[in-house]
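Next come two complexes, and both contain chain A; in the first it sits with chain B, in the second with chain C.
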Partner chain A sequence: MNGIETRRLSTKVILWILLAAILVLYGFPFVYLLLTSFKTPSDAIAVPPSVLPNVWTLENYVTALAKDGVVPALINSVVTAVLSTLISLVLAVPAAYAVTRYRTPSGRVFVVAALVTRMVPTIAIGAPLVETMRTLGINDTSFALAIAHTTISLPLSIWLMASFFEAVPDELEEAAKVDGASRLGALWRVVLPVVSGGVAVTAIFAFLASWNEFLFALLLTSVRAQTTPIVIANFQTQFGLDWGAMTALAALYSIPVILLTLLLQRHIVAGLTLGAVKG
Partner chain B sequence: MRVTDRRFALFLMAPAALFLAAFVLWPLIRFVSNAFYDISPIAGGPRTPVGLENFVNAFASASFQGASLRTIVYTVVVVALEFSLGLVVALIFASLGQRSAVFRTIFMYPLMIAPVVAGLLWRFLLIDNFGILNELLFRAGILQSPSQIGWLSDPNIALFSVALPDVWLTTSFITLVLFAGLQNIPGDVIEAARIDGARFPTLLFRVIIPLLRPVIAVALIVRGIDAARAFDIILIQTNGGPQESTTTLSLLIYRTMTRYGDIGLASAMGTIYLVGMLVVATVAIFAIWRPGDAR
Partner chain C sequence: MELRKTRGRTRTALFGTAVLAAGALVLSGCGAGGGGGDASSDELTVLVEGGGHAELQPIADLYKKETGTTVKLVELPYDGLYDRIQTELGSGSVSFDIAALDAIWLSAFADGVAPLDDLFTDDVKSDLFPGLVSEAQVGGKYVGMPIFTNSEILYYRTDLFEDAQNKADFEAKYGYPLAPPTTWDQYRDVAEFFTRDTDGDGTVDLYGTDVKGAVETEWLATVSQAGEEHMVLDPETGEVTIDDADHLAALDFYTSLLPYAPAGAAQLDWAGAQNLFYQGQLAMMRFWGHAYTQTPDDAPVKGKIGAAPMIGGPGGIAGVPGAWYLSVPTAGAKQEAAKKFIAFAYEHNDLSIDTSLGLVARISAFESQDGVAGKENYPAILETLNSPATHARPATPKWQEIVNTVLTPMLQKAVEPGADNAALLKDAKAQIEAIIK
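Right after this comes the complex of A and B.
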């Protein structure tokens, strides 16, 4: 129990009521999005608006999924996010391990550089990246977009993984090495299994960073590799203002990651706060 | 340390270092160097070195000055609102103890939503004729007519309206970080202050906030950097309008580059923006965080 926890009943009651009010306000926008997605397209933009649908229908979902490019964009989003997560882990795990285990000066420079990367505006590297990808001949592919997304997730992944490795006692690998394991073998077979939870947390964050990213996707894709956030944004120009279908696609795109989060919430809270609190 | 250990460490770090060099550092160098050229928007077109001309033009341009000011206002508004709300909610969670665990999870959900979806959703809530927010305020008797407030169409308030979804989206982050920090405050410190007769405001400002300082610093710096870079969440709501009132630096740079095709000027603006961000972040780190300051 922490020292802030209150013991007075009246304070508790007031705080619970306040919390309930905040949660209702906080939850309302997304609930309203869901409710709207089940309205008929004309009800969705009726004046005056109503909170609940008059008629419950899946019409908006059917319309949204039938639109050109929507299903490929959903597939692209999954492919890009998975690729970016893999690249991010393959690069971040050994780097973070080296930084925590062998405290070389270059390691410290490396962590600072990785954090400064976070301050670079996306647009500053996005435009030159387009040229790089064109030179490499991979412009408008999920692979190129995954590389771009990894520039966002890699610094965060290194930071997160470093704090997980920090918690592993040195003795563990020493014992493995005494038993004849190589340094790489000790990392792969002894240390990595211990931090598997941390790897999972890092993977979730890398996945989310790619799944929700917009500007790189806008700059680096045109037709083939377009991801869902771009398609959602295009709904307002390409297809007129079809709010109903747009809310349906937005809901469809958000629900899987929200569910994933609720399922893995304990790990995610750990990941979100670990880096910050350890600072 | 044995030399072989150092080599092994370098071997492990090399892939990530090379990746960042190739896909962050190199593009960044190209971007900054572009600021010193006049570049034809046609691919393969001529590059004429112009010295500092782009920087001079950037500083002299009214739209750059306006966008810089709006970026600062936007960042300060977002971070101030998020911090106040985030701290209040974190304190409520901490005061209610373990029973609030489920609600902490619920409170976290916006963090997973794409900024573009959040922007779209709030535009839908705030839109003039069929927005639900004005309608609910009207029904509650607060507004005289459901179209009284033009959240996103009134240039005087649009910059504050576009900040709302950002606040909604990421206050949870501040709450989670501060909540975790609150858990680390030893119970007997607060107990001692209470026994000394400290009332809640004194406790908050004299004991809790000073103890949370490093955590608060990290939360504010991380969020400040992200808010200053906000792009899609504003683009989808207003596209920088009405009358440029929500055109922040990232939107202006994007527009200068893609719509006006002035890569040199856009790069100069971006370089100024990046340097400004580095300076502010560094000052912030040393002013509030004070790394190494008595742990």
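Right after this comes the complex of A and C.
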């Protein structure tokens, strides 16, 4: 083994160690949550805590699922997140496309302005949103909550989609136009299939933003549209915290997004790469 | 060929998206939790925290049965409930008819809730703890009806206290019999006695007590035990009392227990202390009364826990009432119906005895369980709350801010080695004066 090979091997080993360290750092809280969900009530609050359960039990899952409102909240979370993702995409795709293709000064201002909305504290728009939704008579509906969630995900969606559209050469659309396609036709038939990975990435981010959102769900829902993050938080009361049941429901709530991410993993990687090589 | 495949995939994706959109739109109209439409006249919406939900459910069920009115209990997390009520009262448009308020929120929300003076008859007042009656009154009007109350009491390990060897050793060392302590001095003696290395490995594994640095209420109870009538400040005069002799005596006693408590007091909160006790690492714990019935089945101390009134200092036995109140927002559309339910809830307060928290507000409801097995915590709560030294926390809208920014940080510093308690209290006074000026 010569010097160059040795250096390459060392670099690889260091990278793998770094990768493993990062994986442990990110993964451990979730693994601990998962393991706690299988502990007995006393085991879950042991001092000092143990990583592995002394006795494995599904009791926490039974308790969590038996709690009032858990199943409706799971359904509400899915409905709200799907709806918010769709609204985000429907608005973000044409907006990002127009900004990247027309390249006007007002377009650039629009993109920056869209990002600025991300810097406004969520609580600051909470009260006006409550008032607006109530005036519209849609308070405590998944639709109202999805609209509120879109205010969070839309700016990021526009930015993400804009970076993906930037990476698509103009020549591709021009070729489609030569073949008789309109601008919208070219977007629909040529550009969107090319950036499908980017759309998947954007959809995932929008879905996650809604799936995990707490504050708007707290302010805008009561009984009918309450989502799971609120129900999870309800396990902590002023007089106690049911760690076991809370971790069980949190673990259950994580499964759909993990599956979704695994399912779309290929698109996500492709989408991230697409956004990274623009120009 | 490839292009056709891509188009085919796109069409499939579009079709799937359309189906999802249609389904989501249909479902989103009402949400999965129930039917659509606004609350009707025979329906009341009550915002509650988890504990309140458990307490009110049997009352709501009976109300539905007797009157036909559905009482929807909307459960929110503790901090979230405060944010939600604050947001809605601030906007002047509310989605609820009744809110369950923590005692310390009453002053902050007093301007947004309707007076309940007509519900506070002499009979009602005589069946409530004096601290609760005074706490319910803000600015000369009753702003909430207590629905249940808690108080810290003393928990102790019966297996340790009843052990013959422990009894003999304790009496030999301290000159009086081993029993659940009733005074500061006794508490310190017992805490010192039980702090030991039980397995002989050279490390202390049983502590006499805990010292909570991350929550303030236990120290406030100690302040009342010292004989202070105006803990932290006097809302009537605006005078900040936190640096007076009683507060200092309370802080000195509080921190004098540190040698008999596990390390990490600065970060120890309610949940942490409870865990230590359930794990068998503490001989005694001062904790909220409801916990008596909540020991996990697999806890090593299950079946070995006794309950006694909170300890007393120079001023006598004292705790801090931890009550929850039902209030009606002035912006609510069904104020009369809401008051009717609150009156009903007071009348049937005893229905909360057998809930998961098992707490009530009326003295008669507490007394009804005298001698009942499993309710040994009731006499302890009753005696603590009835003690003349027990006082409610000061009625100031700035209370939560004072707790978060002054009291808790001050306590966390006080439980560190070498802390100057008098200086800390003096600093705290200056900070509180700046907040309330």
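Here is the rule we go by: the second predicted complex is superposed on the first by the 221 of 279 C-alpha atoms of A that agree within 3 Å, B and C clash if a C-alpha of one lies under 4 Å from a C-alpha of the other, contacts with A are read in each partner's own complex, and residues count from 1 in each chain.
What we mean here is this: a residue touches a chain if its C-beta (ideal position, glycine included) is under 8 Å from a C-beta of that chain, and two chains touch if they have at least 3 such contacts.
Being a predicted model, the structure only gives us computed values, none of them experimental.
Contacts of A:Thr202 after superposition: neither chain B nor chain C is touched. More residues of chain A are in touch with B than with the other of chain B and chain C.
When the two structures are aligned on the shared chain, A:Ala233 is found in touch with chain B and with chain C.
In the superposition on chain A, A:Ala250 makes contact with chain B only, not with chain C. Look at A:Leu192: by the touch rule set out above, it reaches chain C but stays clear of chain B. By the touch criterion stated above, A:Leu83 is placed in contact with chain C alone, chain B being left untouched.
In the superposed model, A:Ala127 lies in contact with both chain B and chain C.
By the document's definition of touching, of the two partners only chain C reaches A:Arg224; chain B does not. Contacts of A:Ala73 after superposition on the shared chain: chain C is touched, whereas chain B is not.
By the document's definition of touching, both partners, chain B and chain C, reach A:Val47. Common to the chain B and chain C contact sets on chain A are residues 45-47, 123, 127, 131, 214-215, 233, 236.
Chain A makes touch with chain B in their complex at residues 1-6, 11-12, 15-16, 18-19, 22-23, 26-27, 29-30, 32-33, 36, 45-49, 51, 87, 90-92, 94-95, 97-99, 101-102, 104, 106-107, 110, 113-114, 116-125, 127-129, 131-132, 147-148, 150-151, 154-155, 158, 183, 208, 211-212, 214-215, 229, 232-233, 236, 243, 246-247, 250, 253-254, 257-258, 260-262, 265, 268-269, 272-273, 275-277, 279. Put simply, chain B touches chain A in their complex at residues 1, 5-6, 8-10, 12-13, 15-17, 19-20, 22-24, 26-28, 30-31, 34, 89, 91-97, 100, 103-117, 120-122, 124-125, 129-132, 135, 146, 168, 173, 176-177, 179-191, 208, 214-215, 217-219, 222, 225, 229, 231-232, 235-236, 249-250, 253-254, 257, 263, 266-267, 270-271, 273-274, 277-278, 281, 289, 291. Listed in rising order, the residues of chain A touching chain C in the complex are 40-43, 45-47, 55, 68-69, 71-73, 75-76, 79-80, 82-83, 86, 123, 126-127, 130-131, 134, 137, 139-143, 146, 189, 192-193, 196, 214-215, 218-219, 221-226, 230, 233-241. The touching residues of chain C, when paired with chain A in their complex, are 6-7, 9-10, 13, 17, 20-21, 23-25, 27-36, 38, 45, 47, 49-51, 72, 74-78, 80, 83-84, 87-88, 90-91, 93, 95-96, 102, 150, 270-272, 274-276, 278-279, 281, 288, 290-291, 294, 296-300, 322, 357.
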